[in-house]
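Some structures are shown below for you to check.
One chain, chain A, appears in both complexes that follow, with chain B as partner in the first and chain C in the second.
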Partner chain A sequence: MSTPATHLDGNVLAGPLSEVFAVDVTAAERHCAHCGDHGAFARLRVYTDGPGLVVRCPGCEVLVLRLVRTPRGLVLDLGGTGCITLPVDD
Partner chain B sequence: MNLITRGFHGRRGGDPTRIPPGQYETHDFPVLTVGPTPRVDTDTWTFTITTETGARHTWTWEQLLALPQESPHTDIHCVTRWSKLDTDWTGVSLDTLLEDVETTAEYALAHSHGGYTTDLPLQDLTDGQAWIAHTFDGHPLDPEHGGPARLLVPHLYFWKSAKWISGLTLLDEDEPGFWEQAGYHDYGDPWREQRYRGD
Partner chain C sequence: MARWTPATLEADRWETPTARTLVLSVPGWTGHRPGQHVDVRLRAEDGYTAERSYSIASASAPDRLELTVQLDPDGEVSPYLVGDFAVGDRVEVRGPLGGWFVWDTTAPDPVVLIGGGSGIVPLMAMVRERHRTGSRALFRLLYSLRTPEDRYYRTELGPAADPGVDVFVAYTRTAPPGSARGPERLSVADLNTHGFPAEFAPVCFVCGPTGFVETAADGLLALGHAPDRIRTERYGAGGRR
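Moving on to the complex of A and B:
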């Protein structure tokens, strides 16, 4: 049992993830392997107050991604809890 | 706005014998979250130490409170660069909890309600260096700060002081926890600025 803590929506990921992906991930869609939630990245819950960015599913709070900037590079963990569909130009 | 390197802003400097390098003193108690705050009922709360052989030692909330209580007065240092001096806690020393635990393990992985983990050498949890803390500043620990009980290991960066602690697994080999997997330091000594792996 839990109550939502302070989090932001997925739109705040546009800046940090533009360093990782060539496409705009906030236009991406995610399908949750854990709870079946399906929807836009903008709906994700983003926790920004910790030592790194933590992004969770709005349906089940499972870890979607972690991003940490270290002196040796960006560490990106995609969590493995669902599929992300990224928009691309044909 | 750079969300990844964003820190808390406050007074720089302070007593260099008490504020580690790269830290500033805050008088607030910032809340760091990696997810929703678990609401853990003390009626069903347990703390379990599992040894490397699989032996389990479990305490209920009542049993924890019946053990000898200690009141550490200490400074805490968060890797997001704030340090808070002269904090007062009450809890049970890990020395007390480990007294009857037979182990030759060298590492511990702390587990929390909500799925958080962090790893530490077992020797950093003994000799009066670590507690299961349930009271802060004379009041029951707020859920936002890890209540009903959190690990308190003040000589390491505060991410090692796992909130909402549910147990420790004792291990022969080190196993990286939540932030350690994502590039943070396995040990995390604030006086040596061990923030990231390789520091």
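Moving on to the complex of A and C:
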């Protein structure tokens, strides 16, 4: 890697993840099982230089999820290492 | 799930020679919250599609929204939207998207808006929504840009456009002739002078290129603003995505 990869915020996941989840995940709270980082999903780091989207923890860069569109369908890798609390309407 | 819906170009405005505001007619659009974005999808005749995210620039309105798109000559989507997209042409949009980088119009708290370059766009939506809803929340906007020619929304963000919205412009490469402040980057001193003190617990929105956002957010933290009062949105050199 000759240049450092730059990242976007988790905000940008709102559209792509709306194809998978019924609620807006970007407003969810995430607790990282790896480093203990706690905060809004929108704070995650999103790397778009490869195929699809690669999402990492802002605290420790652990892989949180990958989302790739392939000819077979949308592939969602919830690598994870974290707990997500979703806002829901009553 | 958010669905793709057709959006037709109804009118346009040039903000600068390389930034164009698109007024889109989107039947069925029910409005949005200030700070939200849409995904825009282009479809070529051979079926190839390209998608990018763009912040909404306008206040909430039914059946219509405005985007301001900065040309990125190496981009896949912005050259079309800025250079070729003609009135009457159609794209697809999905949204409104994002529930975090959003200003709550019912909150009375003071607001600090910090925009770098085209990062001004979602902040402009907040200023416009404040006006539309008659909110009395006090706004302080810090707008960082390279030269006077790069400035968007000159009239609306002009001198004394709204007594509740203070606007400070920091030019980083070329300042207008006769200005007291030479061209320099937005500094912690600027944030201190032109933002709200941390004791007022303002909600802070920072949008711009990644480096700009990191620096501004670090400056706010150094001034004592609480991390959970700082909301950021960054975009890469390739425009919003």
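Simple rule for what comes next: the second predicted complex is superposed on the first by the 86 of 90 C-alpha atoms of A that agree within 3 Å, B and C clash if a C-alpha of one lies under 4 Å from a C-alpha of the other, contacts with A are read in each partner's own complex, and residues count from 1 in each chain.
Criterion: a contact is a pair of C-beta atoms (placed from the backbone, for glycine too) under 8 Å apart; a residue touches a chain by one contact, two chains touch by 3 or more.
Just so you know, these numbers come straight off a predicted model, no measurement behind them.
Student: According to the stated criteria, A:N11 is in contact with first (chain B), second (chain C), both, or neither; which is it?
Tutor: In the superposition, A:N11 contacts chain C only.
Student: Return first, second, both or neither, reflecting whether A:A27 touches chain B, chain C, both chains, or no partner chain.
Tutor: second
Student: A:I84 contacts which: chain B (first), chain C (second), both, neither?
Tutor: So A:I84 meets neither chain B nor chain C here.
Student: By the touch definition at the top of the document, which applies to A:C35: first (chain B), second (chain C), both, or neither?
Tutor: A:C35 contacts neither chain B nor chain C.
Student: After the superposition on A, what does A:E61 contact: first (chain B), second (chain C), both or neither?
Tutor: first
Student: Thinking of the overlay built on chain A, is A:R72 touched by chain B (first), by chain C (second), by both, or by neither?
Tutor: In the superposed model, A:R72 contacts chain B only, not chain C.
Student: Check the residue A:P51 against both partner chains and state whether it touches chain B (first), chain C (second), both, or neither.
Tutor: Touch status of A:P51: first partner only.
Student: Identify the overlap between the chain B-contacting and the chain C-contacting residues of chain A.
Tutor: 6-7, 12, 15-16, 48
Student: Given the complex with chain A, which residues does chain C contribute to the contact?
Tutor: Those in contact with chain A are residues 1-2, 37-39, 51, 53, 94-95, 97-101, 210, 227-228, 231-237, 240-241.
Student: List the residues on chain A that touch chain C in their complex, please.
Tutor: 6-12, 14-16, 18-22, 24, 26-27, 39-43, 48, 87
Student: Please give the residue numbers of chain B that touch chain A in the complex, ascending.
Tutor: Contact set of chain B toward chain A: 1-6, 30-39, 79-80, 114-115, 144, 159, 179, 181-184, 196-199.
Student: Can you check the complex and tell me which residues of chain A touch chain B?
Tutor: On the chain A side, the touching residues are 1-7, 12, 15-16, 47-54, 56, 61, 63, 66-72, 74-75, 77.
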